[in-house]
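All chains are identified by letter, namely A, B, C, D, E, F, G and H, in their written order; residue positions are counted from 1 within each chain.
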Amino acid sequence: MTEEIIIAGFGGQGVLSMGKMLAYSAIMQHLEACWMPAYGPEMRGGTCNVMVSISHDKISSPVLRCFDTAIILNQPSMDKFESAVKPGGVLMYDPNGITRTPTRKDIRIFAVSATEEATRMNEPRIFNMIVLGAYLSVKPFLGLDHVVEGLRKSLPPRNHKLIPLNEKALRVGMGLITQP
Amino acid sequence: MTEEIIIAGFGGQGVLSMGKMLAYSAIMQHLEACWMPAYGPEMRGGTCNVMVSISHDKISSPVLRCFDTAIILNQPSMDKFESAVKPGGVLMYDPNGITRTPTRKDIRIFAVSATEEATRMNEPRIFNMIVLGAYLSVKPFLGLDHVVEGLRKSLPPRNHKLIPLNEKALRVGMGLITQP
Amino acid sequence: MKGNEALAEAAIRTGVDAFFGYPITPQSEVLEYLLQEDAQKRTGMVVLQTESETASINMVYGAACAGRRAMTSSSSPGISLMSEGISYLAGAELPGVIVNVARGGPGLGTIQPAQSDYFQATKAPGHGDFRQLVLAPASVQEMADFIPLAFDLAFKYRNPVMILSDGVIGQMMEKVYLPEPRPRMTEFPEWATIGKKPGKERKRITSLNLIPLEHEKHNQKLQAKYRQMEAEEIRYEEYLCQDAEYIMVAYGASARIASRAVEMARAKGIRVGLFRPVTLFPFPAPQIEALSLRVKGFLSIEMSAGQMIEDIRLAVGKNQRVEHFGRYGGLVHVPEEILEAFERFYMEPHGH
Amino acid sequence: MKGNEALAEAAIRTGVDAFFGYPITPQSEVLEYLLQEDAQKRTGMVVLQTESETASINMVYGAACAGRRAMTSSSSPGISLMSEGISYLAGAELPGVIVNVARGGPGLGTIQPAQSDYFQATKAPGHGDFRQLVLAPASVQEMADFIPLAFDLAFKYRNPVMILSDGVIGQMMEKVYLPEPRPRMTEFPEWATIGKKPGKERKRITSLNLIPLEHEKHNQKLQAKYRQMEAEEIRYEEYLCQDAEYIMVAYGASARIASRAVEMARAKGIRVGLFRPVTLFPFPAPQIEALSLRVKGFLSIEMSAGQMIEDIRLAVGKNQRVEHFGRYGGLVHVPEEILEAFERFYMEPHGH
Amino acid sequence: MAKVRGAIVVDTEQCKGCQVCKVSCPQQVIGMSGTVNGKGYYYAYMEHPEACTGCSNCGIVCPDGVITVYRVKEA
Amino acid sequence: MAKVRGAIVVDTEQCKGCQVCKVSCPQQVIGMSGTVNGKGYYYAYMEHPEACTGCSNCGIVCPDGVITVYRVKEA
Amino acid sequence: MDIKDIIRPENRVYKKSDLLYDTTFNFCPGCGHGTIVRLIAEVVQEMGIEHEVIGISPIGCSVLLYDFFRFDVINASHGRAAAAATALKRVMPDRYIFSYQGDGDIAAIGTSETIHTCNRGENITIFFINNAIYGMTGGQMAPTTLTGMKTSTTPGGRLTQESGFPLHFTEMLASLDGTYYATRQAVHTPAAVRKAKKAIRLSLENQKLERGTSVVEFVSNCNSGWRMEPVASNQWMEEHMFPVFPLGDIKCEGKLIQRS
Amino acid sequence: MDIKDIIRPENRVYKKSDLLYDTTFNFCPGCGHGTIVRLIAEVVQEMGIEHEVIGISPIGCSVLLYDFFRFDVINASHGRAAAAATALKRVMPDRYIFSYQGDGDIAAIGTSETIHTCNRGENITIFFINNAIYGMTGGQMAPTTLTGMKTSTTPGGRLTQESGFPLHFTEMLASLDGTYYATRQAVHTPAAVRKAKKAIRLSLENQKLERGTSVVEFVSNCNSGWRMEPVASNQWMEEHMFPVFPLGDIKCEGKLIQRS
């Protein structure tokens, strides 16, 4: 199994930490994982993305043109990465702020109203965990226990008290998928 | 004609300027000339030497192992350069301060008591011009008028008043050769 | 763990004595990690944010004089500022490790990854006739592993060693097995200036030699070390080269990316292999030369306009094709385009 | 006139606008001459003794932004300190002339002449994918002649140009014909930042480009310039090469000395010629390649442990012998030993 | 004394929602929007337009220069 | 008070003839030689040995440290 | 009176300078850099010298200055803006030359070039933005970082025995004979902005006098580096930065101002 | 009493330190460098710390320091001795570390490293030999060259408007919080030598206090660069150098000395 993902959105949306959590979770499950951020100057205010590869085998290239899954969190990223999903792959996006919905027919497309849901839960910070939950339900190759372990690994100890909330968000996300 | 000369002595003995004068004189006589000083740190206090090449043709190498003429002004230079004179070449030295006279049989050796003579004339600074005069009498390929012209060229204008004295020193040197 | 962090953690664990660094993207995490992890408390390692890269390298020089394991880390423009200092390390025969997490140049260029400092690292890290040993990590694991290796080599040869990484390897995260902690040195080499020992002669460390003949001897000694490196220190990795008709040559991040391109090519039935120089100086020229006798062509993959390709050409000579494919100026190639480039060069009917 | 002085006088006469320099042996005469001759009064040229070589090169950068003919001069360690600045000049596409009157390294090394900065000058004057045009004078005359030439090339390509000299050529005196005085520029290139012209767009000069794709394009443009240099700017001199069986390759002081060795060899009836690269980058590779088809071997003569020899090997390939003879670390070879070396390599029965 | 009245125009697309203008307004005119602009920021707007004196304080402290200030003397 | 007498020994081969000692001697003991040493310098020597008090002034100012100073109390 | 009767061109009392491009600054929300950039544009416009001015951007958050100003700007390498400024001014003595530099740029890596430029008394203006941190590279300690202040490289707060003292760089520059004018300003309130603008103007006008270098330091915030909201950062700045870096003139007309 | 009765080991009251090799210094006749080197050796010997001291020579006339002292010495690149000293001290806090630097080395190219070393208050000693010229390279202007003074690069005398002002570098260093002790000395007369020696000793003893950097400047002559005879150069130094660089303590025990 090899799963290659791109997550893209605004800086501040938790794009990088989402990717980190995915990578850590995979490692907890004794898979190989590689996390490669775009660390460009666009990070300040602008857009931000990270490529995550997960595999049973050693990961060769950390950098890719096409992905099994794209998780898209704003319009510029949609414009840039819709075409980067492999035929048959998955595109998942939060419709909040998206003005042009994806049009490809050869991929599976999911919308996750995570922003809306997080606002509803009055916890805007867990927005990205909701998205992650949604992803996990579409690509269920990671066990939730490993994801929680990955969470624990990637959060600094002082933030471990937030783990239950995050776990909740994951579960919420898992049930939030709609296919537009 | 090509004449390749090394002049070597203590810093402060006027080694470089002697060489410069030779080179300028040659140029005045429409010859090619090249002057290459050792500019090493030995200059401070230590020894000092300059290679001068004069030729009818373009001068190829400014740096040489063997010379037509060596003008030696102290013992360390004697130790270093006696062997560098080409067979049949000329070694000229000021016996003042020389503790070991040259021994080679295949070259022409001249002693010039220039220090002594300069002290006698009460003009220690013209010591090097006396040596130069001696050289000119041994290797008479430069006309005295060209040498005086060279002198004028190589001295800064404010020192031009010293030209007659220097000319005198040259003439004195021309008569001072002894062959040990 | 990020490549930069793995490198920093490895420095703590393998008992590095001193780190001097100045912030610059994409390697600032090295300094930050060491300070945030309080390396000083963990092992007594000296960690200092300096006023400039010039200060950094001269501090490495100072600590190296004391026989300590000292290192610095920077990215391309900062490395240029170290040129004089690296030359001094080499001239004075001091060990020291310099990490370059390279970015695109020239000038300020970009903060994105690049491999365009190959020439600088391998041929002319500074003025004068000297070389530094250059290790090119291609994984986070190697970012960690090369720290102890680099110091071992630096002390073996009393010579600067560069870890030439790039923004990809420095910024990416993957699984890494960290070295077992080992204690810091307590015995220092006999040449170190740590205070004259009673009854012994005083020591001096300098790169100056005013007597040309002696200085030539000194230089000959340095050259002999470089020849010894060429004889003993070449490191490389081959991937699917056994039956290969074509060889891609790539190091660092490019090698990772090219290995995927090789897999893609194999999937198409094209017999391509990947040769990865791990040491860039000494360059695995004999190995490439040997390969050249049995393959049909080489493709050099670099995040540069083509620098390593000169070393490949020197190894291969003119009887073999050696082509170059590079993205540069901060662009990182993707496996697909490497394969495309390969096919363009070698698979098209009139490819020559 | 000394080589250094001839170069300085040529700078005044050819209307150079600004010189920034820091003392270092064996080139301090350049700065001294300009100040003693009161270049500022003679032509309005700005002459400033700087606080460091780093300041010098960044001042060259500043003056170049104004479209001025700006230059600096130093020797090996000082040139290393300019690495970052030279890279900025190249990245920002600015003209500028850097003179390196090289001495022996590495480190402080020696103040004696050397040619051990060849790699640095031709392959990696700094970080990033860039090249500078390198001119190697072999006479006092060329020290003077190369100043206007260097500026013409620097402005033609908007690129740094280095005059790579050495202690021999810088310190020696010989006859020199100085260029006719020409006035300083009064019109400045359209790209110069000299104050926004009314109605025109403002200008900016930078080496930064944050968009990788654009920065790659910028880098491709730079590479295209280097290819153009290779096509248009190669300069070299041949001496007795017509009927030569063997070729000595040497530049700068080494070429002068080797030419004597060639004469000595000819006197012995050995058919040797001298090939002198005048531009080191672009390197006269095609010319050497052409020669390689009809001679029996090459000998690279360098005051270094062997650097240019790599470029010769790249040009020649492996089907021809290319040998190296060098004195280094401040030692200057004499013609006799060059000939001896040549005979050792090529005239002895089992020379291989 | 004639009463002075003012108004401001905020370039809402360029506003970064830093609130520096808000705290600098002596009349507490400025409030922050409830929705974000294209860059994701809550932008400044005249919450109490009637109170604005056109004193320019907001304009001159705005780091992004996105406020234009107008001012008239009411007859 | 017992009279103090002194003497100096100059390492004539290392002396560079700078005369700094000479001008520092309060007793004008030191003079410069008429002949040069191996390095070409006129070196310092005790011109008036009887006047030396062994005050060490010359020794501590000599840049090259070539003077050794001795001193006795005369009974 | 209706709002739209007020919003008319003839009533406009404040508007961003025409010498600024329409692009959004790349600074973080609330960053003082923006205000300073704006003020410089206003002063250049008011002085009518946009055809005679050449600015120099540093390496730091303000590197892109040349994308904001509608007049000529060059970018200098990290810390060397003063050297570039020296050269620009010497080859074009009739131009207005200013450098714009962060505290890392000017007071760490650029220490030497800046000091010698002031010591030579180059007739240029140096704008020095002191936000006590390396903003651009992600919030590392700068020479001016306060004692005890947390940054990514002083996670426990700056310790003077490890990392030295907050450097009073403007005072150092003011002590040099070549420095003609030195002042410390801020831009976090309307009053501060008005003062700062006067200082900017004076510093540029000084160039015509040919009496030496003018240095204007701005104590400024770095919300990202300090990890604070913009308004809070300005408060923190008043409380913590100003006591260490007190605002006001340091040297006027070549004379040091005595301060308590 | 006969001379040879006086010249006896038991009567020896002054002799060059045993910590100096027998080789002749490579300095020009009468050069103050020699005296300073001699004094340092004497102090190290008197303190009995030759096994704990590491000296750092600069690039300049004193580059060969390591051939004179019988204790460990390294050579640093031009201007960077303070950086090397910082590292040496930090990895060996119990050692005595000093740098020995000329005015070109320390106050031109080494400006930044020296200032930041003092600002960090590294517990080291900096000996700064101010001879107002670049001796080693043949007499070019240094940052401390006096106004109007002729050098090979100021043939008409240093013009402040062209080349800036004589830099009071020790005062600058003293102004830094990390500097614990700063003084200016000379070695041209027996009295000056005695004072200077005390300052050297104090500066080294300070290292044990761990209170910061000690700086000892020596105003010294450069006969070759000034083109004077040694004795005349000392006179010229008193007349011209001392008024600009007055001798005496500048900072003691961390406090600046008020001077008229």
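Going forward, contacts are C-beta pairs under 8 Å (C-beta built on N, C-alpha and C of every residue); 3 or more make two chains touch, one makes a residue touch a chain.
Computed from a prediction, not measured in an experiment: that's the story for all the values here.
Least step count on the touch graph, subunit A to subunit F: 3.
Counting steps between touching chains, the shortest path from subunit A to subunit H takes 2. Between subunit A and subunit B the centroid-to-centroid distance comes to 85 Å (mean Cα coordinates, whole Å). Separation between the centroids of subunit B and subunit E, computed from CA atoms only, is 87 Å. If you average the Cα atoms of subunit A and of subunit C, the two centres end up 34 Å apart.
Remark: subunit E and subunit H have CA centroids separated by 61 Å (rounded to whole angstrom).
Multi-chain contact residues, meaning those touching two or more other chains, occur in subunit G at positions 28, 63, 75, 77, 108-109, 111-112, 116, 143, 162-163.
Contact with two or more other chains is made by residues 40-41, 45 of subunit A. Contact with two or more other chains is made by residues 25, 48, 51-52, 54, 77, 84, 88, 92, 107-108, 111-112, 206-208, 210, 212 of subunit C.
Per the touch definition, subunit C reaches subunit A in the complex via residues 25-26, 111-112, 167-168, 171-175, 253, 256-257, 259-261, 263, 332-337. Taken in their complex, subunit E has these residues touching subunit G: 5-7, 9, 14, 16-20, 22-24, 39, 41, 46, 49, 54-57, 59-72, 74.
Only residues 108-112, 115-116, 119-121, 143, 160-165, 167, 171-172, 175-178 of subunit G touch subunit H when the two sit together in their complex.
Those residues of subunit G that touch subunit E in the complex are listed here as 1, 3, 5-8, 11-17, 20, 24-25, 27-35, 38, 187-190, 193-194, 223, 229-231, 234. By the touch rule above, subunit H contacts subunit C in their complex via residues 50-54, 56-57, 63-64, 66-67, 69-77, 80, 83-88, 90-92, 95, 112-113, 116.
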